[in-house]
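So that you can tell them apart, the chains are marked A, B, C and D in the order they are listed, and the count of residues begins at 1 in each.
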C-alpha cells in the first residue's frame, strides 16, 4: 500500500486547501484524502454557471485540478510545494446535477513531475454520472513561499 | 476580412455573457469582440487565489475557456449554442499580476466543431507577460435551450 | 454488456486496420477486439526509435490513437467512418521494452463524438509497465470514402 | 534576438536528428533551424497512411513532436537531453497533400521545462493549409546517455 513520504502531508494539504480562496468562494470542500488520492465535493452553485444554467466548464475544471494537485501533493517530500504545469479537461456531458464529486489520483509520482488523472461526477436524485475527465501534470517546486 | 454569419451574434454573445454567473462572480468582463476573436479582462481577485496567493489555474482557465467559447460563437449560425468539448491549458508562469487579459480566437470554424486558441496575459506595473495558453474544441449545438 | 450496433463492425474494423499503411510499416497488429475496446501490440522496432534508442513518442502515440480510434469505431453505426479530432498523450516513462501493448477504450460513445482513453504498456523480461496514456476525441463522419 | 546557449546546439541537434530512426523511416528531413525554432518537411508517404489514404494522425504528430522537441533543444544548456513530457495534437483537416511542413517553436524556455507549440501545413498544388496544431511540454534531462 502507498504510504505518505511526509508524515505531515495531510495536515499540510488541508491547511493549504483552507488557504485556497477559490475553493471557499466556489463552495468546494474536502471529502476524502488518502495517499495519492483526494476527493472533493461541491453542491450545485448558481453563482458559477454558464449561460445555459449548467456549472461552468472552468469551475468543474478548477475542482478537478485542485483534487489532482492535492493528490500529487500527498506523496511529495517535505518542503515541496505543488504547481500545475498543464492539464486537459474533456467534457462528456453538461454539468447538470444537485451535487458534484471530484476525484483526483496519481498515475505516477516522480521527484520533479507527478502525473495525475481526475474525473467529475454529477449526482442528480441519487444517480451518478461521470461528466468530465482531466489529466494533469503537476510539478514539485521548492522555495516558493 | 472575416464577417459575422449571424448579424445578431455580438448582441447575443453579450447577452449570454451577462447570463454567465461564473463571469460576474469572478469579476471578468468583456473588453473587445470582433468576428472570431473575443478579449476578456479581470482585475486581480483575492477571492479566487490558490494557496500561494496567485490566481487559481482553474480561474485563469475559466476565463480563457469563456474567451474561446464566445469567439467560436461569433461565427456560428443563428440558432446555434456553443458548448466546450475539451481544452488543454498550459501554465508557463504563476498567475501574479494586478490585472489579467484573456484573448480567445478561432483557428478553424466548422459547422459542427470550431477549433480555438487562447492565452492569458498578466499585467503588473504596466508590464505584460503571457502566463498561460489554451487550445479548445467547441461544438455548435441546436435545441439546447 | 455493451453490444455492437453494426453486426459487421469487427470485420469492417479489421479490414480498415489492414488498409492502414502506418500500422504494417510500424509492425503493429491487432491483439483483441470487443465492443468498445481494442488492444494492439508491437514488438520493439529499431526503425522507429528516437535518438536515445527508445521508441519514438510519436510512434507510441500513433498506436494508442489507432487503438482508441478503432475502439470508437466498434460502436458506431453502419456507414460511419471515424476521424481523430484531437488527443493528448502523456509520457510517464521512456518507451523501453521488448514488446509493447496498446489498449484503447470508449469512455462515452455519442452519435457525433466519441470520447476515448488509451494507454501504452512496455513489457521487458515479462514485467509490465505503463509508459504512456492518451485521451482522444473521435468523430463519426459520413460520406468520407 | 534569441541566441544559442550552447554553441554546438545546431550540430548536436542535427546529429541527434540523424540518429532518430523514426525520422528516416518516415522520410522526414530538417528544412530549417534557428534558435528556438525548427522546421521539418516530409513528402506524402503512402507507407504511413490511415485507411482513407490520408497521412496517419500519429505520423503528423510524430513530426510536430520532433520539430518541437528539437526547437526546445536548441536553447538547452550543454549536456542536457530533451524528452517529451506530454503533448496535445488537434486535427483541423484530414492530412491530404503532396508535401507537408512541420514548424516547432518555443513559447517559453526554462531550466527544467520548455513549453512549445507546433503546426503542420499540407501543401497541395502550391496551396498551403494548416491541418494540425500541437502544444508540447519538453523536459531537459541530464545523464540520460
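Here, a contact is a pair of C-beta atoms (placed from the backbone, for glycine too) under 8 Å apart; a residue touches a chain by one contact, two chains touch by 3 or more.
Note that the structure is a prediction, hence the values are computed from the model and not measured.
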Pair of chains joined by more contacts [C-beta pairs], B-C or A-B: A-B
Centroid comparison with chain D (C-alpha atoms), farthest chain: A
Inter-chain centre distance, chain B versus chain C - centres from mean C-alpha coordinates, in Å: 33
Chain centre separation in whole Å, for chain C relative to chain A (CA means): 28
Centre distance in Å when chain A and chain B are each reduced to the mean of their C-alpha atoms: 22
Residues of chain C whose C-beta touches two or more other chains: 85-86, 88, 90, 137
Residue ranges of chain D touching chain B (in the complex, touch as defined): 88, 90, 92-93, 107-108, 115, 117, 130, 133, 135, 137
In the complex, chain B residues that touch chain C: 85-86, 88, 112-113, 137, 139
Touch list for chain A against partner chain B, complex: 16-17, 19-22, 25, 46-52, 56-59, 61-63, 65-66, 81, 83-91, 94, 144-145
